[in-house]
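These notes open a run of structures that come right after.
One chain, chain A, links the two complexes that follow: it is found with chain B in the first and with chain C in the second.
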Partner chain A sequence: MTKSEVNNHYDVIVIGGGITGAGTARDCAMRGLKVLLVERFDYSTGATGRNHGLMHSGARYAVTDHESAKECIRENMTLRKIARHCVEETDGLFITLPEDDLGFQATFVQKCTEAGIRAEVIDPKQAIALEPSVNPDLIGAVRVPDASIDPFRLTMANVLDAQLHGAEALVYHEVIDILIEQGRVIGVKLRNNHNGEERTVYAQVTINAAGIWGSLIAQMAGVKINMFPAKGSLLIFGHRVNHMVINRCRKPANADILVPDDAVCVIGTTSVRVPIETCDDLRVTPEEVEELLAEGMKLAPSLGSTRILRGYAGVRPLVASDDDPSGRSISRGIVTLDHETRDGLAGFLTITGGKMMTYRLMAEEVTDLACKKLGVTKACETADKPLPGSEPQTPPNRKYSFSQRASYGRHGTLDWAVNRGDNTNDALVCECEGVSVGEVKYAIEKLHVYNLINLRRRTRVGMGTCQGELCACRAAGVMCDREQGAQKSIDDLAGFMNERWKGMQPVAWGDTLAEAQLTATIYQGLLGIDTMTKERRKEYYEI
Partner chain B sequence: MKFDAIIMGGGLTGLTAGIALAQAGRDVAVVSNGQSTLHFNGGTLDLLGCDEAGNAVRNPLNAIDALSDNHPYKKVGDVKALAEKAQRLLDGAGIATEGNAEKNHWRLTPIGGMKPAWLSLKGMATIDDPDHLPWKSVAVVNIVNYLDFLSPFVAEALRERGVQVDVKEFTTPELDEARKSPSEMRATNIAKVVERQDLTQTVADAINYCLDKEYDMVLLPAVLGISSGERGDQLLQLIDTPAAFVATLPPSVPGVRMQTLLRKRFQQLGGTFIVGDQVTGGRFEGDKLKCVTTAKLEGSVLEAENFVLATGSFMSRGLVADYNHIYEPALGVDVDDNGLNRANWAALEVTDPQPYMETGVRTDEHLRCSKDGTTIANLYAAGSILSGHNGIKRVDASGVDMITALQVANNILNS
Partner chain C sequence: MANETQVQSLSANNFEQCLKCSICTVYCPVSAVTPSYPGPKQAGPDGERYRLKNKEFFNEALKLCLNCKRCEVACPSNVHIGDIIQAARIKYSTHSPSLRDRMLANTDFVGTMASPFAPIANPVLKLKPVKAILHGVMAIDKHRTFPDYSRVKFESWFKKHAQASQDQYAKHVSYFHGCYANYNYPKLGQDLVKVLNAVGYGVHLLEKEKCCGVALIANGMPNQARRQGEVNMRSMRKAIAQGHPIVTTSSTCTFTMRDEYEHLLGIDNHDVRDSISLATRFLYQLIERGEIQLAFRDDYHKRVAYHSACHMERMGWVPFSTRLLRMIPGVDFVMLDSQCCGISGTYGFKKENYERSQAIGSTLFQNIAEENPDCVATDCETCKWQIEMSTGVPVENPISIIADALDVEETKKLNC
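Take a look at the complex of A and B:
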């Protein structure tokens, strides 16, 4: 083999930069495999970045799906250890409202206990004292160990750790062909979505971890996976109404979970089957907004008078059981497919189904299978070793500035790499989220940031109440200073603002409409950005 | 309290109407919540910058004829005369401007865009023809660590048009006061530091020092002169080569200056400026508004012969969209919502014309409001609260503000 061939050959290629792919790349790398992770857009672009940010206790599944409940609580406890800087330990309530059957509560608690989930029945008055925003009409409450988790941070931490263990990672690299030789997948053809260049990479095992798009990857390899894209829409509110997760104590239904995330809270979800072709450009409909709001107000009535920042939608990769050709029997559990035994196609595995909560377990299962095929016996360590940022640490200094505390919250122990202490680095780009120039530079250098949307996912720039009113423009300036030409930055800025609008448009009334008009006054009226772009829309497949 | 006229809203529209009425000897009160969209202004005013097909307009007066019939300009008499009056009014307030209503010029935006403009504040960089820039060599000079002026963007826009551009930056130790808190490097804070410490000469020296050669034009962020235009004029004179200002991200120093000077002028003319308050309701009798209540004047009311509603659009809370409908919150006057429902207030793409922006308060041919279908004889509306125009797409927002305000003042004086 020549040197360039060595560089093109891996033990494992992982397709998909969501949490499952990132976790799988980490696990494979920790077992000593030579790993390449490829993602067609940015990390957490798909379902990973479009959910509640809920760290389930498993209670939601306790009655209907004992296995999932057990997996959830186990992973919940694991993530508290290994991903401390991504988790906020809020606890959750399952409330019973007058229209619900209070009899369900006893079954619920019993099933939770059987699954190993701490479920404590509390007095409704105590529930109101614990969580003042909860619907005061509640007639029952159970406290469970739900929590909130930042999926962007979690995914990035997994990628960083994979890299620390020798993995390579390519964003904006799309798989355009699966190479098959004598009944075996030997590699993939990639296209760089920034410049269109194509290249081929080889591996003994290729792992399909592309979420709902995994069905298209499988199709490329000539095998069929029956997937059912289920669109789930959610709404983000402008401040944190609740401090505990609030669920309805009944069989899972639409819009019955309210999760506090950072400075906001999120209600969701709806569930609608959609065609796979629509998954790249999902819009939240007025009907969905109506349902989410109506149901959300039953959990916390003050949502009715709280500004909605934006709406967004993700797609669950639901998989039909293989033994059910009709596709009616849907599994929400983890689905690991060995296409060698299933379809006679060696060197190709699919990991799908499951939930963000169980990503580590999914990664472990598929990595075990890959290791078996590669003859590697090293055991999984991902449940024991903390992710970068979550190592044992001294608590943050009380003298930290707002922006330093915010950065510490986002990057955990990796915050040491953010330059500060001088006027240049300390200048604030985003006042809502406390993002400094130093943090932006750190993200550009270390966290695979190529555009403002990437930057938002790494630093929360533009995620605050103003939705990028001024910070996006400042950040574009900082990024331009460093490596891009101005035209590219302006296109990027215009794309970013359109992406922000896409989430605001379905909820454009009240303060959100007023804010949208102010943003338009600044970006179009004052800056004239609408007259300055070169159309580049496709790259912005985004929320 | 009783006045000849009460104006609700203390931004460009309210103060223009207030000054015009006060100049005519009327006893006027302006009720302002303290906010003004002038804080987002780029140091220019626009009359009509873009026609309904989206093309830039060279001669705004000629292009007004082609506007649709519900545009507010169709309810004013002689736009040319009012535009001249507006410029004189600004001049009288100490706001010197360049430009006229028969020929738009162009302004440079903080990111290097070029937009048509009617009047530019003296000292702002202007261009007659964006295809033929008047400069061969330009230095774009920014303050070190000032993030709200995108000098590389401005430079690239000029280079694309064949100009030789250098990007420079300067600072002085005294500006560190504005850096004490990382969020204080904003235009208005810098302006205050320069004024407080009288740093104009120091800043000029620092700029001259960073210029190592001659340029046809030196472009600077507009961060000087928050209370008057003098300091900016002084600075430009102290710089060795011709120099001009380009607007920054908000808060805009030239915008805040306009707001300050207009308010000062209004008060000099004897006007009463009630700040930090807003109108919460009114008592209607027949086809007349008798008085209004405000949030802070508990128990007492403001009475007047005539009233002007100049509380702005959604962003100023002059209009409100709730879950089901669009309404005017202060007095509950009738609104043209163009038959839209919530699902189509907003268009899918951010740069699409947004239907909600065309909604607003319904007025008759004299710019009088109606309530429950009855025209109110002494209640007028002016500025961006009016229905029938999209100030962003037509580039006519500040023109509509001033021209309709002056027309309303005329209507009141003639009534």
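Take a look at the complex of A and C:
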């Protein structure tokens, strides 16, 4: 074999840069395997980046799904240890409103206790004192160890740790074919989505961790997985209305969870079956906005007078049980498929179902299986070793500025690698979220940033009140200085602003509409960006 | 529809109505000279979002805010930026006020103590060694001189010389004189009595008057400010019940009692607020309604440059004072560009703020020097100290200028 061929051979290829894929790559790498992680776009573009950011205690599933509840509380406690910098220990309330059955509370508490979830019935008055935003009409409240978690950070930390353990990771590399030889998957064909170049990589085991798109990957390999994409829409509010997670104490329904995330809060979700073809471009409908708001106001009435920043939607990768091809019996539990025993196709595993909460457990299960096939016996260590950023070190004793504190919150101990202390690096790119030039540079260098949307996922640039109005052009300027040319930056900037508008459009009234109008005036009227993109210039010169 | 559910977006001090246009930062006098200050937008609405997440995001740099409220004047979205910053300081600051801050803030107490000893205190406070001690030990800047204390308080003068004659008038007002007129410059109060008596109004003291509390708020003593505010509101309610409007001569006291009481101290002043008026506004409105007339001396000639105090801008009351001054035939009126003088009450007295304070005011001082007026007029006493110290040009309250220019006998005839 030539050298380049050696470099094309891995023990394991993991397909999918969501939290499951990132966690699996980490686990495999920690067991000493040679790992390649491939993602067709950016990390956490699918369901990972489009959920509540809720670290379930498991209470939500306690009554309907004992197994999931047990998994949740176990992982909940684990993530507090290993992903300290991604978690905010807020606790949660399950409230009973006058229209709900207070009798459900006793069953709920009993089932929580059975699953090992601390569930403490508290007086409604005490609940209001703990969480002043809660609907004051509540007639019952239970306190549980829910928390808030940042999925973007969590995914990135897993990727970074995988890399520290020798894994390679390729973003913007899409699997366009699965290579099969003599009933065995031997590798995949990749296309670089930036430049169209194709290449082939080989591995003894290929793990399909592509979420809802996993059914398409399976299709490429000639096997069938019954998946049912369920769209869930959410709304982000301009600031934190609540400091604890607020849930309804009843059987899970639409729009009954309000989560404080970073400087915002998020209400969700709806649940609608959608065709898989639509999963790459989901839209939040007016009916969904209305339902989210109406139900959300029952949890915290002040949502009715709080600015909504944007709406977004994700897809749950629901999997039908294998023995029920109709899809009626759907599990939210973890589904690990060994296609050798299931379909007679060796070297191919699928990990799906589950929840962001249980990603580590999912990774452990599928890695155990891969190790068994590869004859590796090293035990899983992912539950004990902290992720990069969450090492148990105390921060250096120094005075924190607003942006330093915000950055430390985002990157944990990794923040120490951000350059500070001079006017250039300390200048703010994003004022709403306190992102400095130094932090942007750090993200570009270390966190796989190729465009502004990547940068947003790593740093929160453009996620604040102004939704990119002030920061996007500054960030584009820093990006342009670092590597890419002006035209690419302009196109990137135009794309970023359109992506921001996509989320604002469903809630474009009041302050959000005024904000969007000011943004449009700056970017179109003042900067003329819509006439400067590559496509528009081409049109112009052709005329 | 959902957008009909959300008819109104509400947030504390409208912080969420901020569209991030940053106009406030452009108008911030501190940002202009102190690049390390986060600026009103960052310290105000931006910071508030994060402080709501975690109080650790509070930054002591917020104390650099002058509370001039020029950001609020500039804001097109009616965000109470200055209030957000002051409220955050009240709510989150963990620093307790130093002895210096307590002394500067307790204008009432210090004034009461100093007045009887005015003949000694005034020259002593001007001595270089005393200033050096104040500078070194108390961190009160050596360039500053405390305004002279008057030996006789305005209240004492009023009770002795004026009170008895006030009942003869048909109409009446109650006068909130404030600390400056009482302890330092009784002439201002005397001038007001002169003008109001001339137009047929009797002047009365409030049953009980306390310092408005502006310096207490600025120096981190909101509880004491609230107690004093409640006393003032009680006294004013009584005066209003007797049919007396409340008249003042200090723009900052007025602004504090009308707006800051409610926004920062949570004092319910809704029934009192509209009855509190600066004397120039009170007079101008009476003239406009044709209820009174002023007559001025022929031999009065002065080139007067008007400086818009920050809180006058915030209240939108500058035109009342300037139009009144322009009515005086002998006044050669000059309008100075509206900008902060940099003193901001006790702020500029602090050693750590002196240079910033002077840098903020420098273009104003230059503007005054170029115009070369006989005196500068302004409605704020601390602006007066700053401008007099920095330019050498005497500064008068518009009421004093009117009192000087007034033909008392002629005015009395016009209004009898």
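Rule of thumb we're sticking to: the second predicted complex is superposed on the first by the 530 of 543 C-alpha atoms of A that agree within 3 Å, B and C clash if a C-alpha of one lies under 4 Å from a C-alpha of the other, contacts with A are read in each partner's own complex, and residues count from 1 in each chain.
Throughout what follows, contacts are C-beta pairs under 8 Å (C-beta built on N, C-alpha and C of every residue); 3 or more make two chains touch, one makes a residue touch a chain.
This one's a predicted model, so the numbers in the text were calculated from it and none came from an experiment.
S.K.: Could you say whether A:Val121 touches chain B, chain C, both of them, or neither, answering first, second, both or neither?
M.R.: Touch status of A:Val121: no partner.
S.K.: Looking at chain A, which partner touches more of its residues: chain C or chain B?
M.R.: Higher number of touched chain A residues: B.
S.K.: Between chain B (first) and chain C (second), which, if any, makes contact with A:Ser489: first, second, both or neither?
M.R.: The answer is first: A:Ser489 touches chain B but not chain C.
S.K.: Using the touch definition from the top, say if A:Arg240 reaches chain B (first), chain C (second), both or neither.
M.R.: Touch partner of A:Arg240: chain C, not chain B.
S.K.: Does the superposition put A:Leu164 against chain B (first), chain C (second), both, or neither?
M.R.: After superposition on chain A, A:Leu164 lies in contact with neither partner.
S.K.: A:Ser305 contacts which: chain B (first), chain C (second), both, neither?
M.R.: The answer is second: A:Ser305 touches chain C but not chain B.
S.K.: So in the superposed three-chain picture, is A:Cys473 touching just chain B, just chain C, both, or none of them (first/second/both/neither)?
M.R.: The answer is first: A:Cys473 touches chain B but not chain C.
S.K.: Should A:Cys432 be classified as contacting the first partner (chain B), the second (chain C), both, or neither?
M.R.: second
S.K.: Could you look at A:Met77 and tell me whether it touches chain B, chain C, both or neither (first, second, both, neither)?
M.R.: In the superposition, A:Met77 contacts neither chain B nor chain C.
S.K.: Is A:Ala294 touching anything from chain B or chain C once the two structures are fitted on A? First, second, both or neither.
M.R.: Second partner only, chain C.
S.K.: Just which bits of chain A does chain B share with chain C as contact spots?
M.R.: Residues 286, 401, 423, 428, 431, 470, 509-510, 514-515, 518 of chain A touch both chain B and chain C.
S.K.: Please name which positions on chain B make contact with chain A in the complex.
M.R.: Residues 37, 40-42, 109-115, 144-145, 147-148, 150, 152-153, 155-157, 176, 179, 182-183, 185, 247, 249-250, 252, 313-315, 317, 320-323, 342-343, 345-351, 354, 356-357, 391-392, 395, 397.
S.K.: Please output the residues of chain A touching chain B within their complex, sorted ascending.
M.R.: Chain A residues touching chain B: 283, 286, 401, 403, 423-424, 426-429, 431, 436-437, 470, 473-474, 476-478, 480-481, 485-487, 489-490, 493-494, 497-498, 500-502, 504-505, 508-510, 513-518, 520-522, 524-532.
S.K.: Which bits of chain A are touching chain C when the two form their complex?
M.R.: Going by the criterion above, the answer is residues 238-240, 260, 262-263, 286, 289-290, 293-294, 297, 302, 304-308, 400-402, 405-406, 423, 428, 431-432, 434, 464-466, 469-470, 507, 509-511, 514-515, 518.
S.K.: Help me check something: in the complex, which residues belonging to chain C touch chain A?
M.R.: 1-3, 5-6, 8-11, 15-22, 35, 38, 41-42, 45-50, 52-53, 56-57, 59, 77
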